[in-house]
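The two complexes that follow have subunit A in common; it is paired with subunit B in the first and with subunit C in the second.
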Partner chain A sequence: MKQRLYINGLGVISPQKTFDVEGFLTEPIEYHENYILALDAEYNQYINPVQIRRMSRILKMTFTASKKALQDAGIEKPDAIIAGSGYGCINDTEKFLLNMLDNTETMLNPTAFMQSTHNSVAGMVALNVKCNAYNFTYTHRGFSFETSLLDAMMWIQEGKENVLIGGFEENSVNNHIVTNKIDFWKKEKVAAFDLLKTNTIGTISGEGANFIVLSASKNEHSYCEVKDVKMCYKPNENELLEALSQFLQKNNLEIKDIDVYLTGLNGDSSMDGIYYRSMNELMKDVPVAWFKHLSGDYYTSGSFGLWVAAQICKRQEVPPILMLDGASPKKPIKNILLYNHYRNINHSFYLIQS
Partner chain B sequence: MGNRVYITGMGVVSSIGINVEENLQSLKSSKTGLCFTQFLDTIHKNKLPVCEIAYSDDALAEKLGLSVSDGYTRTSLLGLLAVKEALASAGISDMKSATTALISSTTVGGMRNTEMIYPELLSPNLRKEYTNFINSHDLGESTERIADYFGVKDFVTTISTACSSSANAIILGARLIKHGIVDRAICGGTDTLSKFTINGFNSLMILDKEHSRPFDDSRVGLNLGEGAGYIILESEALVKKENKKILAELTGYSNTNDAFHQTASSPEGHGAFLAMSEALAMTGLSKSDISYINVHGTATPNNDVSEGRAMQRLFAEELPKFSSTKPFTGHTLAACGGIEAVYAVLAIQHSLIFPSLNFKNKMNEVDIAPQTTLLENYEVNHVLSNSFGFGGNNTTIIISKA
Partner chain C sequence: MEDLKLKLKEQIIEALNLEGMTPAEIDDAAPMFGEGLGLDSIDALELIVLLEKKYNIRIEDPKDGRAIFESINTMAAYIQSKQIA
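Let's look at the complex of A and B:
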């Protein structure tokens, strides 16, 4: 990449105290459910009363998080808006679907249908800041946010100054029931911080609205630099390790240059196996941190991971709750490698630099 | 940057034909796909006409050597058929011969199948034959089915920007090629008719009980359709290296947002004007170089006025021939940009302007009229194709004779 790019603004609504707080995971919340919700912000402080009445919860969450990210970056209008979500506005979709089935296709209110489209979030954000620029929504499982990030990186290369990207997902009771039939989630209740000790199938289902402003210019407030992102679709073990080696080489780095390895381990005994094992082997001398015990897992949880990495870079500290293995990282913390995968299918590497 | 991007293959499945040739013959003979549904169990089945593909899921699966019970949704099947034709027409059989992206799009993914079994999906007693459909609802599902069938591994993603989705898939493909991330890209979209979308659009009161009439003063709404359309984009370098046959060139594109309303377009078509102007500027052409506009033209009162005003503002006295092919195919949502990109290539290849069916009188608000009959032996050098959607998404692509 010729043009460097920086994270200049963050707005994150998650199951942890990540919104409107000074500290960085100083009071972590441990959940004991396999279905955890984001902590609602004071939405009415961010959204006017006329608008808020018709908005579903995910629209309130994403509206507020995107507004915060733009404020944090000190910009009013970005040069592009890109959102990623695996399920989109799933509660609106289910609401319209159930009404339709229950009322045998009569007396239907269009509001839920209008809000059910996956691009309603990016459209709403554009409407809010009157932004006529590029507007995209990626909806590909565990690549939804990663493609958004790659797209933003391409736009910065193409000359745009500020790009707003977001990963969002909302939990839904019905979708949880459906996906539980194929063992996405743990059957038993677990203490989130002990997630990796469970040795059972499934993980905990989380949600969040994580918005980030990427900019071509660095300023005093910049969190970090995003060096690169790489997606691998259904790689075997060797292909994955080969992809990592090329990824590091392309960025002129070796494993010994990585100061923190941030992993997407989620405690699912059927998913944490081979890939993480070989990655851990490779990273055995690098301090390891994790985040899914805080956010839960979801298609766009990588966006929460990126927030974690950005905060580590800026604050030059890894809160104890994030540490998994190894000694505390040596300072200065320069390079963070984030590796995540969704259900062994959508694998991604991110390289973040202080 | 700066590499040229060529179209080397295309495939289409719609209610007017399940391959490119059938679609061309229907377009030339003004044969619409409008009918009443034979496959969808909805209370609207004898009241609201739709453009349905006349093959059952099993019949579609058989063409691909697949079995529906393995979890293939209708959306996946339509996409697979169209991509199969597109790859064959580009002469691509080995995905490893160059880095390849699959960029697909859909608006409701597996909804057609989900809505049929939803109560059972939620109950503890799900029949065994539905097990393979548990994870078929989300939008990435059909894309991954397509990727796995053909062995695409290098880059796989899905876009959903309502009715502009597959035009946006084409834009991403072009940009990935220009950035050198891939050498070629399979770009398009797939969507099927579902009770969810029929009832959704019906609740918005924008479905016509008659055959839709784009740009006509009497228009009241759209007819829904289903289908899939994909084109193969290849880099200039790859085309030269493999001495590939070129169908056309993608010369311009733009994606903008109207930022006016969650579902409605601004009355003056601000976003549409921006998309068309920016795409045109990218080509370096002048307005008079555009031979034909394949308009979004859904026949909703709102879209056609908005789009028409934007066209009038941009082109003024130099408005080229234009038509909406939606009365042929119905509005195929995420698929329409891909399907209409195929039609743009056909217009160039065969020197044709396709008719806008059912037009009689100009709209009160805009003094413009589409082409209403098939125009043959008309030299088509540059086609501008519009796809607009909910969420204010406006996309224009420009396809040129190579």
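Let's look at the complex of A and C:
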């Protein structure tokens, strides 16, 4: 029998007030830059002074978010730790590489090198909770988080009880400059909430540390059930629609059963077409929500989308800032379809159920 | 010598990211590792890099670091001896 999977804990540090707050996006922050940063938490409340002084910002963010997720789930030590990140700890990587250039490959500081690897996050979390179990980091660009989630789901099918998974990314000035040259980001400054009105190339660059405890058992604090996840690499429109059809069929659902369609629309006129041409036509009778005007876009932004979906399921409400048009979903909200893609390359479907 | 010690403390605070600490709080004679400042082996590597970058002093054998980095006093004395030489 297939084991059911529940989200029992969340810890999210993002450009919005998502950490240590009671409300769910009740005070959304609108940014007017194309490069947005997460709101820093009070890290020294979560990390001891000896550890914190050596940590880079992304390590502080991920350490704190993962700790919060474990606390939220009421567990001290997970049965596996799985992280996903496209760029990993890129600021430390850049620091190390720039040091190499500046000092002609001599006098290199060890700390930046140690922290420059993608897996330093999952390793650090494991050291903190003394978890010697499975520890893995996926670096599959726009599939990094989705692969982590799939791995966690398979581990729970294999009998593990609680798996900590995380998607994280940090903005870096140098990387932003480079990717801006190849039209990843908007050239003009935009108001984030008007992102879909821009009709220009590029989007806004975001970051976040989004950790989730996926569990085999449901409890009174569970947020939702994760029914399924599917990835499609560079599908054409027909392949995408066929993939969605198979995805829903596999889960014994039809489009009319979807209560909220949560999209990864990001206002990039060269990339968003697939949402409008194919998906939105298919989902025209389903209330549509979006989230990238709040988080910005990054390789693992799907993990922020999953946090949004989990909160909607538990609270049975969709904050107005998330709704794409006026139509609010009918209640109870049972099935949420999250469809996201990164630069029209890595497409993913998530099915979340309350 | 006192100027050198003050400068050294400022450089150590910056290099090791000893947030919230001021030079006045670092005792010249207190051990830097274990008790005292509580530094560890990675900090020792950072101090070796600091000496090379800021003072152009290269420690060929890391084992020598144990005596050199015992305290601010020993570190400053070592720098001064190398500069005189």
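We adopt the following convention: the second predicted complex is superposed on the first by the 350 of 354 C-alpha atoms of A that agree within 3 Å, B and C clash if a C-alpha of one lies under 4 Å from a C-alpha of the other, contacts with A are read in each partner's own complex, and residues count from 1 in each chain.
One rule holds in what follows: a residue touches a chain if its C-beta (ideal position, glycine included) is under 8 Å from a C-beta of that chain, and two chains touch if they have at least 3 such contacts.
No experiment lies behind these values; they were computed from the predicted model shown.
S.K.: I'd like to know which partner A:Met323 touches here: subunit B for first, subunit C for second, both or neither.
M.R.: Neither partner.
S.K.: Where does A:Glu158 make contact in the superposed view: on subunit B (first), on subunit C (second), on both, or on neither?
M.R.: The first partner, subunit B, only.
S.K.: Now for A:Ser120: first (subunit B), second (subunit C), both, or neither, which partner does it touch?
M.R.: first
S.K.: With the two structures laid over each other on chain A, which partner does A:Tyr134 touch: subunit B (first), subunit C (second), both, or neither?
M.R.: First partner only.
S.K.: Which holds for A:Leu241: it touches subunit B only (first), subunit C only (second), both, or neither?
M.R.: Neither partner.
S.K.: Which touches a greater number of subunit A residues, subunit B or subunit C?
M.R.: Counting contacted residues of subunit A, the larger count belongs to B.
S.K.: Considering only touches as defined above, state whether A:Val50 meets subunit B (first), subunit C (second), both or neither.
M.R.: A:Val50: touches subunit C, not subunit B.
S.K.: Which subunit A residues contact subunit B in one complex and subunit C in the other?
M.R.: Residues common to the subunit A contacts of subunit C and of subunit B are 106, 108-110, 114, listed in rising order.
S.K.: State the interface residues of subunit B toward subunit A in the complex, per the touch definition above.
M.R.: Within the complex, subunit B touches subunit A at residues 1, 42-44, 107, 111, 114-115, 118-119, 121-122, 126, 131, 134-135, 137-140, 143-144, 147-148, 152-162, 168, 172, 175-176, 179, 181, 195-196, 199-200, 202-204, 255-263, 270-271, 274, 389-393.
S.K.: Write out the stretch or stretches of subunit C touching subunit A in their complex.
M.R.: On the subunit C side, the touching residues are 15-19, 38, 42, 45-46, 49, 52-53.
S.K.: Going by the contact rule at the top, pick out the subunit A residues touching subunit C in the complex.
M.R.: My answer: residues 49-50, 52-54, 103, 106-111, 114.
S.K.: Under the stated contact criterion, what part of subunit A meets subunit B in this complex?
M.R.: Residue list for subunit A touching subunit B: 81, 86-88, 96-98, 100-101, 104-106, 108-110, 113-120, 122-124, 126-127, 129-141, 143-144, 147, 150-151, 154, 157-158, 174, 177-179, 181-182, 231, 233-235, 345.
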